[in-house]
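Below you'll find the structures, each written out as structure tokens.
Shared between the two complexes below is chain A, which has chain B as its partner in the first and chain C in the second.
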Partner chain A sequence: MSTTLGADPVVEPGARRRAPGGGRLEAIAQAVVPVLLSVLASGVLLAILGRNPFSFYGAILDNGLLTGFGLQQSIVRMATLLLIAGGLIIAFRANLWNLGGDGQWLLASAFVAGFAPSVVNAIGGAVGLAAMLVLGAAVGAMWTVVPACLKAVYEVNEIITTLMMNFIGINLANILVKGPFLTELPGVPRTEILPLDQRLPRIGDTQIHVGILIAVGMMLLIHFVLTRTAIGLRLRVLASPEAARHVGVRPVRLTFMAFAASGALIGLSGAVSMLGDWGSFRADFNPAYGFLMVPLVFLARLNAVATIAFVALFAVIQIGGDTATRKADLPTDFILVLVGLLLFFMAITEFFRLRRAR
Partner chain B sequence: MTSRSTQSAAIVELRGITKTYPGVVANDDIDLSFHAGEVHGLLGENGAGKSTLMNILSGMQQPGAGSIRVEGREVTIDSPHTAFELGIGTVHQHLTLVPTLTVLENLMMGSEGLRLDFTGARARFDELIDTLGARLSPSAVAGNLALGEQQQVEIIKALWRDTRMLILDEPTSMLTPQGVVELQRVLQRLKERGIAIVFITHKLHEAIEVGDRVSVLKAGRRVGGLEPDEVRAGSPLEIKRRIVDMMFGEGAAQLAGVTEMELRPEDGEHRRRLSSQVVLELIDACVDGGEDEMGLRDVSLAVHRGEILGIAGVDGNGQHELAQALAGQRGLSSGDVKLEGESIRRLGVPDRQRLGVRYLSDDRLHEGTVRDMSVAMNTVLKRIGQAPFWRRGAIQPRAIDTFAQDLVDRFTVRTPSVETNIGKLSGGNIQKVVLARELAFDPKLVIYNKPTTGLDVRTASFVRDQIRSQAELGISAIVISTELDELIALCDRIAVMSSGRLTGVVVNGRSAHTRVGELMLA
Partner chain C sequence: MNNLLTEPVLTALIAGALLAMTPIMFAALGESISEQAGVLNVGLEGMMLFGAYAGFNGALYIHSSWAGLLCGALGGVVAASVMAVLCVRMRLDQIVIGVALFLFAEGVTSLLHGVQFGDEYPRIGNTGEIQVPLLHDLPVVGESVFSQHPIVYLGIALVFLVRWMLKKTSLGLSLRAAGETPTALDAAGVDVTRTRTVAVLSCGALAGIGGAYLAIVGAGSFTPLMTQGSGFIAIVLAMLARGKVVWVIVMSFVFGVSLSISTALQLARINVSTDVVQMLPYLTVIVVLVLFARRSYLPSALALPYFRGER
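What follows is the complex of A and B.
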């Protein structure tokens, strides 16, 4: 595959000598301008639809950030999204297009939700939960083995294989819930519910569970590994296959590793989500977080630390928007319009930045 | 305003053509004229502005200033299509045929209308094949043709409409010696038909041999040229001296040798004594090339300490695979490689690198470097994870910067800084970085794969000097090149590859040129 991802060289030797000052200011403008533009554009859209944009945005901020409950919800959502984004960054850095995030996430979620209640009951809280996190990561990683093998050994385009594995993964997750993991609970087929007191420990007196600590810790670790270690550089060299062979990194092994790490993080996200907030997996559940994170990590230029900020914003809009749309009597999908516009303006600003750089 | 007063009316005339890119003047006030039945040799180094000029003539780019006249009429060539309409056909350096289509289908690609007119196309094909005096089957699949034949199809394609001027960009770069002879014959016939030919080249002898008129471009300007009567009147040696004068100006006469390689072996006598110590030995090596690539068949060779061994041959006869097999990028299916008597067959690139086997790739842009990484990072790419650049897995930016800065200084690499992305440097400077990287840390044997392709004269000369001075220090070299002159100028012995085999080894000396040529054709 010849597509090259536009990765930022992030921290390279000498980078710290780059002139500061204007650079930081520009980076901030780079982030703020698209937000303002998208707010403006959807404001116009809201006005056309006969809604008051100010009260709508007020509601987003209120419910996503300013009320205690909303803020907590946003942070909980962030944990899930961050881990997915981290998984994508690892793969994309190596120019491996893991677009199978949703399959990996759902399958890991289904397995974790299916096993968690009995396992946690049997071997106790901490160990049980830890085992379940590992299970989630393992399932996510397993689901990348086929695309990784096809890519590394037979040079089959991984965009297609990972996308195809999504269909299998999504349906397999449903089969699990409607089959082996099915419970007597009324309504939609679902797995046994993990009791609230057995879920991931909360932080203090809040709804926020330790997932966010795991997620932020992972992002920092990913950033360190990608920018500061030999393995991180090898992954980046892998993005140029000819150079990789030339300098003697092992493409086959690295491809498997990158894919596995990517899938593991995404699977871990599923596990955190199940063990932390959902507690049970319902049939036909598919929030499609994997695809939502793809443009986001690119706009963060595959920089794991920058991604944290982007994901935070995204989580606030998602959580706050949920209530805001209901209050304004709009379909919840209007949030996707807002997010779409945001991504659009981010891309436009990025385009002008690159053009100026040239 | 018409220019009927000129000797034979010019088909195409350029006046004051100027084209600038940010920071670069690619063409600077260039006047040129192209006449019917004449080959106009356009000579210049890389970056002299030849390609830009060609792109302007073929409608790929528009000049910033200046005018183009076709048969006295001022025109704007705003697209390749317009160029074609005006009777200007172009054969690009890199062939553009669709490999899966037949010759005739390739030729009909530009045709208009819903239905393909096979009979009409066939008639035109026969007519042109007759003009060229070529032998080609219209139903042959393009990808199966030899490069020379593919080029003939490209020429036919360029002549397909009523073409009055044919532009050839570095047409000999991928041809065998026979292919070049064949091309010259074709050009002769086209001249007789009254077609104006623009022959773009960076090889002095070609421009003189083929051109009825020669123009020399340097740094975007036309710095001089020879009119047809001057070309006819002068002796080859004198013409050569005059052109070299134009290219390098006053006092640059010594540089004359540069275009024809800076050092020629003293006739008949061998320059250097070979050490008896064998550094690298390849024994009956076979490489499975698969469907797409040339494999290696039973290749055996030995390289002595401090020796420069050349590998000659037409491109694509297994040289690339040989280099990769030696570097450890590709496994042997049978046979053995020994470094100082020890088998290194099972070792990968990093291990061979550490033992002193270095490989300078011929594809410096994609294979040799990672373009969106800094110069500094590229200098340590082959030592990822090794001290002093990594300690306990963590990168040591300062050590890398210092190392890179030292290489940049010693090899006079022109770069804003070591943290600049290497992709932003010129080809010559990239090659210097790669060369510096391979020569660092006690090399024993360096494989140079086409070390000077695409480089400007000075950098090419710098690279050759490096190869020589390394050899003086006892470091062996294998130089793969398709330029026989380069090998003659550099090597102690020259091996010839053909169809994945070594067809012979010639000790460099008086008759080396002919003997290597014979082996290449064998």
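What follows is the complex of A and C.
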């Protein structure tokens, strides 16, 4: 399929921002307006439901940003989300629709959680943890080989294949946890728990582990590679196969590489999450982070640095919203309303910006 | 193994398969129409959830499964109209809006359910299955195939109707042109926006009926997030069917069997993990794709917004 989905990725995303009517102020308004609108709309909804919107949003800010514990939790969550977002950016830049992020993430998590306790015990902390991070990345990358092969060699649409591999990955992760990795712990089937002192090292006296450093470092690296190197340019050229052949880019090899890098980062995210915060994989665990990140990186116009800000916002909403909904006696799914509205308004704001630029 | 082919096991298998297949079939049929017209509807799962919620309430308060299914269709259309305005009229990105709609639907339906019923899950008394006269006395198929809610038979008939519509009518031609070469359709004097809107709204109605069936007939009640990925399964099926909608029936039946087989096997005292069974259909498709490498043909303007005068 030679279709270009969505915006034309060959165009440098930053270049558009400097289009007529551009400017730093407008870029900020562009980010703030949708947040305000979604907060307003959800606030009205809260008021209709008889909840006080101000105390609800206060609770989100309080528990996600302003208290030390909440802030630390948000930063920990950011590490997981950022690596997934980075993986998606690489694939989307090449116009490869990797919609199987959750399967890649869960399978990598299951493998890492299953092997980590014994491996870290056997070969010791730093080396063991590093090996586990590599394992996670490798599993994530492996899970993209089939879609990449079908796409590169036979032009089978990757949306279908990644979605199917996604379902297989989710089920396979469960099979692993209920089978080979099962422990005798009571309750939900789960892998053995990695002891707290053997997890990823924490920064200073906080709950924050080094995952955030890995994640931010990776995002900066991705940004550099995509915008400043020949590989980045080739990836963007890959978005249009004819142009790619014309300028001598080898589409088959590059498709494999882009898919593998995408899966590796998503797998790394799973590893960081297991080794840093969860410590164990439970059956039927699926936070669906991968799916949440798809529209997000798109609205950040596949810009890795801009994505950091968006992900920070989402992490605070997720962490703070968890407590806020419980306090307001609402289902936790209320946060999905807020997130859905935020995405709608972001897309609509983008629409008006593009129309003015036209 | 010889208690595998007994009557109760087979009956349970076929009945369960039909129950699991129907929501997927309706949703995949809707998605096929939408994809043929060039709109990749990632929000399908959200439309099913809206349909399930609206349908359940309709059936609960009007005391009729038919009224419930109608409400479900309306619920699906309401969700689809958001998609129609944002993706077809305003030409926003279909994947972004699709995911947003899905998340929003998950949140809103479970919020409404929570506010309405709290922690209770009221059930619908009469789920409206019928027994087809005479045929219902047959062994195995009588208790399964011929004891379903009439909407199941209507759904299968509808697939053939849509097949005829897509192939033989001018509306079908317009729909396919909107997905293949919208420029040509525009040049022929047909409104691309209107054609695609029709497709998205019918997709919403069908997905809504699928969701409503799931709540009313399948479960007899509404639980938050009850669609559990069937919308995404339907998207995959619609893409694999490549516009040949009769395949939708076949493939959703295969999925129905795989979703219900572990229950049937338990009746035969064979324990197979649901995780393994649920994985098999996807695994089969992937293996088939790898071995035979069929090109999965999709409409060439799929997921592309149409801007008049642009090439």
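As a convention for this text, the second predicted complex is superposed on the first by the 338 of 358 C-alpha atoms of A that agree within 3 Å, B and C clash if a C-alpha of one lies under 4 Å from a C-alpha of the other, contacts with A are read in each partner's own complex, and residues count from 1 in each chain.
The definition used in the following text is that contacts are C-beta pairs under 8 Å (C-beta built on N, C-alpha and C of every residue); 3 or more make two chains touch, one makes a residue touch a chain.
Given the structure is predicted, the values throughout are model-derived calculations rather than measurements.
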Q: Answer with first, second, both or neither: which of chain B and chain C does A:235 touch in the superposed model?
A: neither
Q.
Taking the superposition on A as described, I'd like to know which of chain B and chain C A:75 touches: first, second, both or neither.
A. neither
(Q) For A:317 in the superposed arrangement: first (chain B), second (chain C), both or neither? (A) neither
(Q) Going by the contact rule set out at the top, does A:154 touch chain B (first), chain C (second), both, or neither? (A) second
Q.
As a test of reading the superposition: which chain, chain B or chain C, is in touch with more residues of chain A?
A. C
Q) Following superposition on chain A, which residues of chain A contact chain B and also contact chain C? A) 4, 7
(Q) So in the complex, the part of chain B that touches chain A is made up of which residues? (A) 327-329, 348-350, 353, 359, 361, 363, 366-374, 376-377, 381-382, 384-385, 390, 393-395, 397-398, 400-401, 404, 417-419, 421
(Q) With touch defined as at the start, can you tell me which chain A residues reach chain B in the complex? (A) 4, 7, 9, 12-18, 227-231, 233-234, 236-237, 239-240, 242-243, 245-250
Q) Which chain A residues qualify as touching chain C in the complex? A) 1-7, 49, 97, 146, 149-150, 153-157, 159-161, 163-165, 167-168, 171-172, 174-175, 178, 291-292, 294-295, 298-299, 330-331, 333-341, 343-344, 347-348, 350-351
Q) Where on chain C is chain A touching in the complex? A) 40, 86, 90-97, 99-108, 110-111, 113-115, 224-225, 229, 232-233, 235-236, 239-240, 273, 275-276, 278-279, 282-283, 285-286, 289-290, 293-296, 298, 300-304
